[in-house]
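Each in C-alpha cells, the structures are laid out below.
Here chain A shows up in two complexes: once beside chain B, once beside chain C.
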Partner chain A sequence: MFSNIFKYEFKSCLRQKAILFWLIAFPIILGCFFKMAFSGIYEKDVVFNAIPVAVTNIEENDILKQVLEQISNSDEALFKVTYTDIDKAEEMLKSEDIKGIIKASDLSLEFGSTGIQQTIVKTFIQQYKTQEKIITDTAKNAPQKLDKVIASLSEKISPNEDIPLHGNPDITIQFFYNLLAMTALFGSMSGLFVAQKNQGDLSALGARRCCSPVNKLTSITATLLAFHAVEMICMVISVTFLRFVLKVDFGSKLPLVYLAAIIGGITGISMGFFVGSFRIKEGVKISVVMAASMTCCFFSGLMSNTIRGTVAEHCPIFNEINPAAIISDSFYCLNLYEDYRRFTVKIISMAIYTVLFTLGGYVLTRRRKYASL
Partner chain B sequence: MQVFKTFMKILKTRLTSAILYLVIFMVIAVIMADTAKDNNDYEDYKMSISVIDRDNSAESKRLQDFIFSGSKKVELADDTDEVTDAVYYGRSGYVLYINKGFGDKINAGDFDGLFENFKMPSSYGGQLFESRLDSYLSSVKAYMTAGESTENAMELAQTAVSQQVKAELKNFNNKGGTGMPAIFGYYFQYLAYVMLSMLIVTLCPVILTLNRKGVRERTMCSSLTSANYSRQTALGASILVFSIWLLFMIVAIIWGKTLNVKFWLACLNSFVYIIAAAGIAMIIAQFDLSDNGITAISNIIGLGMSFLCGVFVPQELLTGGVLAVGRLFPAYWYTKANNMLFGMSGGVFSTKEYLICIGIEALFAVAFFAVAALLVKQKREGDVNSLA
Partner chain C sequence: MAETVVKIDNLVKRYKELIALDHFDLEIKKGEVFGLLGPNGSGKTTTINCLLSLLAYDKGDIEIFGEKMSPVNYGVKKRIGVIMQNVAVFDELTVYENIDYFCGLYITDKATRKKYVDDAIAFVGLEDFVKFHPKKLSGGLLRRLNIACGIAHKPELIILDEPTVAVDPQSRNKILEGILQLNREGATIIYTSHYMEEVEQICTRIAIMDKGSKIAEGTTEELKRMIKNTETITAEILQLPENVREQIEALEHVYNVSYADNKLVARCTGGRHNLIEILKILQENQVGFGSVYSEQPTLNDVFLEITGKALRDKE
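For the complex of A and B:
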C-alpha cells in the first residue's frame, strides 16, 4: 500500500502546476533577474580600480608631480590623473568623470560627493603633508639626522600579511544563496498540500482517505516522501540552472551544494506540513507560510546584503535559528571554508528542523476524528 | 451599493492575511531603510574596523587609539568563523590582527611582520585602511630615526598623520540637501517593492472573488448595469489603495518628523506610483489565479522589478543593459524621482526631470488600467457568448 500511495502521490505532485512553478519556474525567473541586475556590480563597487582625479596648477609643485606620476604609472595604479585648469576640472567633477580635484598650489581638495574613493584621495594628500611635516620637524629639532629620516621615509616596510579568503569573494553571490533558500522554503507550499490531502475537513481526497482502512501514518509518510522526491528533483534542476546556465560560481564543492539544496527543500516541505496540520483556514495558512518564508529570507539577506551583518550585531542567535539563514549559510560555508565543520553543523540544523516539523505535523494530525464528512 | 458592500465584506474575510502582510512589509521597509548607509553630509568615509590584539601591550593600545580616531570600531572575538562572517557580510571592512610581540618589535625598530589582516581581496576599504596604517608606521619609524622614544614617536606620528587637509564639497545642482535624514529616502525607495507586493496580495484576491465565474454570471443577469458595477468596484479598490498608501505615509510622517517640500514631492511620487501598482494588480486579477498563484506573481513581479529597477541595488551600480530593461517598469521612474529628491545614487534634483518621471508613472498607470479594462471587456463578451 505504501508503494502504491507513494507512486500515485509522486505522479499527482508532478502534475501540480503551482508546486512546479514555485520549485522550478520561480528560481529560474528570479535567477535570471538577479544575474542581470548583479552583473559587474562586484567589480564596480568593491574591487579597487584606479581613482580618476584632476590635478590643477601642477607646475607649482614639482615634487607632487613626481609622486603622482610614480603612483599613477605603476601596475597597481592608485589614481588616473588628468592635469588641467580649475574650470575644466570642475566641469569634469560636475559630470562625474572624476572623483575629485587636487589643487597642487595649496594641496587643497574639491569633491562633488563623499565616499570611500574621495577619502582615499584625501588620505593620499594627508600622507604627502605628513612627510612634509616630519621633515620640517626633524630639520627644526634634529637637523643632523635629517638625511637618515628622509632615507627612512623612502624605505619600504612590510608590516602586514594578508590572510587569504578562500572561495569566490563576490558578495553578490549571496543573493543566489538566498534565492535557493527561498525556493527551498517555498517548498512549504507543497507541504501544505500534503497536510490538506490527509485532512477530511479540508479536501475531498482527505475525506476519502479518512474513510479508507489504510493506516494514517503510512498514508501521510508515503505522501510526504513522494513530495520530498519531487522537491529533490526540482532543487537539482534549480541548482543546475543557476550553475550551468547562469554560470553562478558556487565554488569547487558542487555535489555538496546539491546536497544542501535538497536537504533545505526537505526542511521547507516539513515546515509547510507542520503549518498545514493546524486547524485554521487555508487562506490564512498560505499567508502564514508565505509571510514566514519571506520574513526569514529577508533577514537572511534576500533583499539587502548587509542585513545579515546587522542581525549578527544585534541578535546573533537569530542567524542560527532562522531556517533561511541556515540554508544560505550552508552554501556560504561550502564556498568560503576549506573544512566541513561548519557546513556539517548547518546540515544537522536543517535535519533537526525537518524532524521537529515532521513530528509536530504527525502529532497535530494523529487521532483526528470527524463526526460527519 | 451591493457590489461595494460585497467588496468590503470579502476584504474583511481576508483582513487577517492583509494585516499580516502589512506588518511584515512595514517591518521590511523600516528595517531596510534603517540599515541603509547615510552618506549625504560631507565627512571622511569612516570604515568599520576590527582589531584583534594578540599583544596587549602599551604600544598596541596606542596603535588602536590611532586606528579608531578615524574609523568605527567593530568588536570581534578572535574566532575565524566570526571574523569571516563579519567581513563577508559587510559588518567589518577590515580585520587587523596585532601579532604577539608587536610592542617589542616596534621598540627594537623592526617594522616587518607586525600584523596579519583579513579583508575582501583588492577592495577600496583595504586600500584606504592600509594606506593610513602604512603612513602612520612610516611616520613612527621616521620619528624614531630622528631620536624620539617609541611613545613620543607614536604620539607625533598620530598628530602628523591626522593633519587637516582643506576639502571642499561642491554642491552641484542642489545635489542631496533634502534637510531630512537619508534613511527617509531609503524608506520611500523600498516602498516601491512593499506597496506593489502589498497591493497584489490584498486587492487581487478580492477582485478575483468578485470575478469568479458563478458570481460574475449572476451579477450580469441582475438589473445592475456594468458601468455601475465597475464604478462600485473602482470605489472599493480606490479606498483600499488609498488606505494602504495613507498608512505608509503616516508611518513616514511619524518617523521622519522634518517635513518640507521634498517630503511632499516624495509623497506625490509614491501616490502616482501606487496608482500604477494598482493597475498592475488589476491586470493580474483578470487571470483566474489561485491564492497560491497570486502570491507567486506578487513575488516574481515585486522582487524582479525591484532588482531590475534599482530599488534594492542602487541605480548607479546597475549596468546600461539592466537600466534599459528597468525603464520598461514604473518602479524605475519612481526610484529615479526618489533618488533625485533625496540625492541618492548620484541623483541630482531637477523639477523638469522630476515631472517627467511622475508623468511617465502616470502614463504607465493609464496604460495598465486600459489593459485591465480591455481584459474585463473581453471576459464579459466571452461570458455573454457562453450564456447565450
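For the complex of A and C:
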C-alpha cells in the first residue's frame, strides 16, 4: 500500500504544472534575470586586498593620519593609502587606480562607482566619525593606549569575523542564495496539497481516502515522502542550473550546497503541510503560504540586499528564525567559512523546523472523524 | 433470513441548533438494493458519512457486517466501496492509474490488482480511455471513472451517494444498469438520490427521508399503498363549466379535483373505471377536450401526500 501510494503521489506531483512552474521554471527564469542584472556589477577582487584610496588635505587631520597609518601598515591592511591633492586624487579615481577619495578636512568621500569596497570605506569613516572624540582624547591623555583604540576601530570593519576568509565574496550572490531559499519555501504549496488530500473534511479525495482501510499515518507519510522526492529533484535542477548554466560560484563545497537546498525544500514542504492542515478555506491557506514565503524571502534579502542588515540592526532574532534567512545563510556559510560550525547550525535549524511543522501537521490531521464535511 | 449488512440504531447528528439526523433507524439486508430517497438537505449524505465513520455523531449505534463501525475498523472498511457525490480522482493520473491507485488502497497483491483494475475498466466501459486524463473525459465518463475507482476492489457493500448528478440520460442508464449488475454479482447496494425515477427503477427497498427523519420505508409498491392516491387523471380542457366540475367531484372514487392552466386534474382513490366515468361526464356535457391520460402514483406522490410538499425542487 505504502509503495503504491508513494508511486502514484510521486507521479501526480511530478505532473502538476503549477508545482513544476514554481519550483523549476520560476527560479530558472528569475535566476537568468538576476544574472543579467548583476553581471555588470560583479566583483570578485574585493575585501581581501587592501582597498586603494587617496586621502587629501591630510595635514588638517593628524589623528586620522595616525589611524590610517596604523591600519594600512598592519598585516591585514585594510587600505592602501596615497596622500595627495584633490586634483591628482580625482585623476586617480578616473583612471580607477583608487576606489575612493577621503577628504581629511571634512571627512567627506568621493567615489567613482558603488560596490562593497566603497561601502567599507564609507563604514570606516562613519566609525571614525563616531569615535573621533575618543581617539582624540586618548591621543591627548593616554597616547600609550592609542594603538588599542585604533585597533578596535579597524576590527569593527576588518575581515576577522564577519568578512570571510575564502570563497566568493561577491555581494550579488546573496540574491541567488535567496532565490534558492524562495524555491525551497515555494515547496510549501505542495505541502499544502498533501494536507488537503488526506483530510476527509477538506477534499473529496481526502474523504475517499478516509473510507479506505489505510492508516492515516501511512497515507500521509507516503504522500509527504513522494512530494519530498519531487521537491528534491526540483532543488537539484535549480542548483545545477544556477551553478553550471549561469555559472554562479557557490564555492568549493557543491555537494553540501545540494544538501542544504534539499533540506531547505523539505522544510518548505513541511511548512505548507502544517498550514494546510488547518481547517480553513483552501484559498485562504494558499494566500497565507504564499504571503509567508514571500515575506520571509523579502526579509532575507531577495528583493534588496540591504534589508538583511536593517533587520539585523533592529530585530536580529528575526534573521535567526526566518526560514528563508536560515536557508540562504546555510549557502552563505558554506561558501565563505572554512569550518562547518555555522553551516551545521543552519542545517539543524532547518531540521528542527521540519520536525516541528511535520509533527504539528500530523497532530492537526490525526482526527479520524469530523464534526462536519 | 438474509444476513443484516447495515444496522443503524437511533442515530442523532446535530450541527449546532440544526438536527441533521433525528433518531434515525435503518436495517439493510444482504443482497438488497436499498434506496435512500429524499429532497436535498433531508439527511441522506449525512447518514452515509456517519455510516462510513467520516462524521462524528451525537448519539446512536452503527453496525456493518455485524461489527461496530469505527474509523479504525479497517477490516470492515476493506469490504466497503464508496462512490461519493463529488468526483474524487487525481487530475494528473490517467484513468488506469486512478483506478489502480484506489484499488491499491485495498488490494496489495499486484497480480490480483491488475485483474481487478481491468475488470473495473471493462465494467464501466472505459477500455478506450485508459490513457486519458480525467480532464479529457466528458461528465458521464468521469462519473463512470469515479464509480470504477469505488468498486474496483470488488466490495461486498457498495455505497453510492447521488452518483448520477449532472449526468446525461444515456450515461445515467449505463450507470444504473451497472449498479444492478453489481447487485447481481452479490454486492449489497445503498443508493441515495433525489431522483425518484432512479430509485423506483433499481431499488428493492426504499426509505424516504425528510428533515433528518425516516418518514416511510418499504418496497415501491408498499410505499404507494401507504397513500390515498391510486390514480391521477389529467385532461386538457379549454373551459370547464362549474356544474361539470361538480359532477366529477361527486364521483365515488374521486377525492380531489383541480383546474388550472386549462388542465383538469382529478385524483382518485380505488375504483377501476375512473377514466371512463370522467370521459362520460365530459361527453354528456359536450365539453371538448385535448389529451387525456391516467397516471399511477409515483414516489413523489407518496412524498407529497406524507409531507405536503414535492420531493424535488422544480428544475
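Observations
Rule of thumb we're sticking to: the second predicted complex is superposed on the first by the 245 of 373 C-alpha atoms of A that agree within 3 Å, B and C clash if a C-alpha of one lies under 4 Å from a C-alpha of the other, contacts with A are read in each partner's own complex, and residues count from 1 in each chain.
Here is the rule we go by: a residue touches a chain if its C-beta (ideal position, glycine included) is under 8 Å from a C-beta of that chain, and two chains touch if they have at least 3 such contacts.
Owing to the predicted nature of the structure, the values given are computational and were not obtained by experimental measurement.
Touch criterion met: A:G301 reaches chain B, while chain C stays clear of it.
By the touch criterion defined above, A:S12 reaches chain C but does not reach chain B. In the superposition on chain A, contact is made by A:L205 with chain C only, not with chain B.
After overlaying the two complexes on the shared chain, residue contacts for A:N73 are found with neither chain B nor chain C. In the superposed pair of complexes, A:V214 makes contact with chain C only, with no contact to chain B. By the document's definition of touching, of the two partners only chain C reaches A:N4; chain B does not. Number of chain A residues touched is higher for B, counting chain B against chain C.
Taken together, the chain A residues at the contact with chain C in this complex read 1, 4-5, 8, 11-13, 15-16, 200-201, 203-205, 207-215, 368-373. In the complex of the two chains, the chain B residues touching chain A come out as 14, 16-17, 20-21, 24, 27-28, 31-32, 35-36, 39, 41-45, 47, 74, 81, 84-91, 96-97, 111-128, 130-135, 137-139, 141-143, 145-147, 156, 160-163, 165-170, 172-173, 175-176, 193, 205, 290-293, 295-296, 299-300, 303-304, 306-308, 312-313, 317-319, 321-322, 325, 346.
Chain contact summary for the complex, chain C toward chain A: residues 15, 49, 52-56, 71-72, 74-75, 77-78, 80, 82, 84, 86-90, 92-93, 97, 100-102, 104-106, 108, 149-150.
By the touch criterion given at the top, residues 18, 21-22, 26, 29-30, 33-34, 36-41, 44-48, 78, 90, 93-94, 96, 106-120, 122-127, 129-130, 133-134, 137-138, 141-142, 145, 148-149, 152-153, 155, 157-165, 169, 171, 174, 189, 282-284, 286-288, 290-291, 294-295, 298, 301-310, 312-313, 332, 336-337, 342 of chain A touch chain B in their complex.
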